[in-house]
């Protein structure tokens, strides 16, 4: 009975993983499919029929007029916005941590707003903001700036909430001590506080990066003449998306995350084993 | 260390995309009216339908004029209008349909074309010019880009009876296998025709009748589609689709089991014209692009790519008989006689929109 | 220099780009073509069609959340009972698809449902509202499942094992222990899982747009259309967004009521 139950557990997990990975694997497989149709057209929407192996789809990504720029834009926005969000967010976390309890609670609950807000609402509010700024002040904000502002805004809270727990663990004395030893506030921050909370900052950065790469709705509402990759996929799915465009950025990303995480786990395990050995001695 | 490898890889990736630019070969056959393009520079924001231009032509235009073209796709006239009305709209040139152009002229959104900058306009068939005068008198603001009819594309292996009426779309036999077009004017328009009314009716009862007829049809249809209908018809997944003639021609080219007809009750003949927005920034480049696309050889290449009918006479002369003798691509007069243009309805369009909301929420 | 000043750039940023834009929803709901009026607002509120769509969306979001919870709880429970190292390994496999773009995952399903099934199995799936609704539900569950597993796993794996032993020592069997001890203690995880699935599910317009060809028409789709392709300004869309915001607030309040310690708020 127990063994049946245990194997059932693994079967269940296996089925769920299959459910989660099947569509991704499907896209990867079809990114190597030959989509040339009867009349010689590249019919990417015939994504149900296997016609033969080719690498041509990956070549086509590079010559596609809109896919190439979309991939570049997506990467640029993700890197710059997450970097900016990490800087502003880390500074904010340090500031918030030293606030009095009541102010802190108030600022934190407002900070949660962009996280609870549906991205649909975030998207339309930004769309209105830029339309309003343009009609009233006559300032036409370019697409790159729009995307950057929006992406920074919705990622900052994630940075704050990953840095704050680390700050709470780290001692308040550190900063004071650095000041006493003759550091300027900025120096104290850079040399004493930041190194201590680095793991929190890193995970905040990764969080911001993934939020930016994962975004579709906000970019869809605010961008006009430039498209991020997800907007490009959405706006052309009706006449077929080259699956290589879809996989070229995201599959390496997912693979990288898997590897990084698994290696971290392996390291932790090694550490645990070593600890055990020390204890046994 | 790992971090630096990641960053380096990203930079390499960005650079490789930037470096990869296709170049289009130019020889004496590229242009029919001569290589008359000078350097203009700047950017040009083009708003057009999905897959509605040969992308190589845009690259060629960029090569010839040094203009960077931002090509943005839309899926419906209504979506386009919304984009253009926004206070921060930055599009220079777009390709709306007839009735929308009429409305845009009324709302003063367009700027008159400077014909001296579009010498290739002479290539456009005078017969087509005459029809487009129906919504843009004297072609002051627009020049035709592509045109066609609305009809029914069906799979002859799945539909047994002869198809000659819109009525087949209400046939229970094809439940779940019927595509309707995701556009209020087109779908309500053909229903009005089926009921024997005018496509541009301003009678609320008639619109209500069409609305009820479409609500009655709701359980039978697969959905309201646009470009996704094509592959589904080509693969033989669905039996019937209300579709534009150009798409129908393309589908039949891939799957000969398909046939396209314009029903006997009559239908819509439509024109997608190029217009320049009033607040366009790069007016020079916008005119150059219109001129470029009206070059006989370029227009022929474009129509061969997208399969929609060109109004360009010089292009027609260059095309293969496979195109010009095809009755879908080049419909005979008797078909055109039972088709009419959509017109701007003014504020009455709200009645259509309300009806459409009711239909699509079913 | 006081450290709290470091938060000021952020506070200014938030006021400019989060608080001020929120005001525009209200501005555009009541300001039509430059004059203040409640006419459009009332008109929209009084239109029963929108409420029907909202109800249907809430229903679909509710079903999605329920299925996600039912599927995810066993996953999280099994993982939390495994050896630490094995659990860490498998849990990563569950969370990683979460980082893949939403549109992309939905597109993969579009390809499978629309083209692979008819070709490979000869079964046509998306033929009417009912089958479309089922397909939309499957894809929504797929898209949101990791977001449910994550908080549940976080809560369950932090559960104090000695409590379970105590329960067993006091004579409770496995089932009783689960319902009397484990389940109540995992409420914060359940709550934050529900928050992470329910609201996004109400507003997800991409799934119906891509999978269902506009059927079923959900609240997110209506709002998207109002802003993307309907003439007549932002008034109706803004009003609909206000209703949505009220829904969000109400559900957040209800959730906070269940999660008094605010511990389940951990998204990371």
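Some observations on this one:
Here the chain labels run A, B and C in written order, and each chain numbers its own residues starting at 1.
In the analysis below, contacts are C-beta pairs under 8 Å (C-beta built on N, C-alpha and C of every residue); 3 or more make two chains touch, one makes a residue touch a chain.
Because the structure is predicted, anything quoted here is derived from the model rather than measured.
Look past chain C and you find the other chains held together by touch in one piece. A count of C-beta contacts for the chain pairs B-C and A-C puts A-C on top.
Averaged C-alpha coordinates give centres for chain B and chain C that are 37 Å from one another. For the pair chain A and chain C, the distance between mean C-alpha positions equals 18 Å.
Counting only residues that touch two or more partner chains, chain A has 45-46, 48-49, 132, 237. The multi-chain contact residues of chain B, meaning those touching 2 or more other chains, are 225, 228, 231, 235.
Counting partner chains per residue, chain C shows two or more touched chains at residues 114-115, 118-119, 227. The residues of chain C lying in touch with chain A in their complex are 1-11, 13-14, 17-22, 24-25, 27-28, 71, 74-75, 78-79, 84-85, 88-90, 92-94, 96-97, 99-105, 107-112, 114-120, 142, 145-146, 195, 199-200, 202-203, 205-206, 210, 220, 223-224, 227, 234, 237-238, 241, 244-245, 248, 252, 265, 267-268.
Interface residues of chain C, counted against chain B in their complex, comprise 49, 52-53, 114-115, 118-119, 124, 126-129, 132, 212-215, 217, 222, 227-232.
Considering their complex, residues 2, 6, 10, 13-14, 16-18, 20, 22, 45, 50-51, 55, 58-59, 70-73, 75, 83, 86-91, 225-228, 230-231, 234-235, 253-255 of chain B touch chain A.
By the touch criterion given at the top, residues 37-39, 41, 43, 45-46, 48-49, 62-66, 68-69, 71-72, 75-76, 79, 130-135, 140-141, 224-227, 235-240, 256, 260 of chain A touch chain B in their complex. The part of chain A that touches chain C in the complex is made up of residues 9, 12-13, 16-17, 19-24, 26-27, 30, 45-49, 88-89, 91-99, 107, 110-121, 124-129, 132, 149-150, 152-153, 156, 158, 160-162, 175, 185, 189, 203, 207, 210, 213-214, 216-217, 221, 229-230, 233-234, 237, 241, 243, 246, 250, 253-254, 257-258, 261-262, 265, 268-269, 272.
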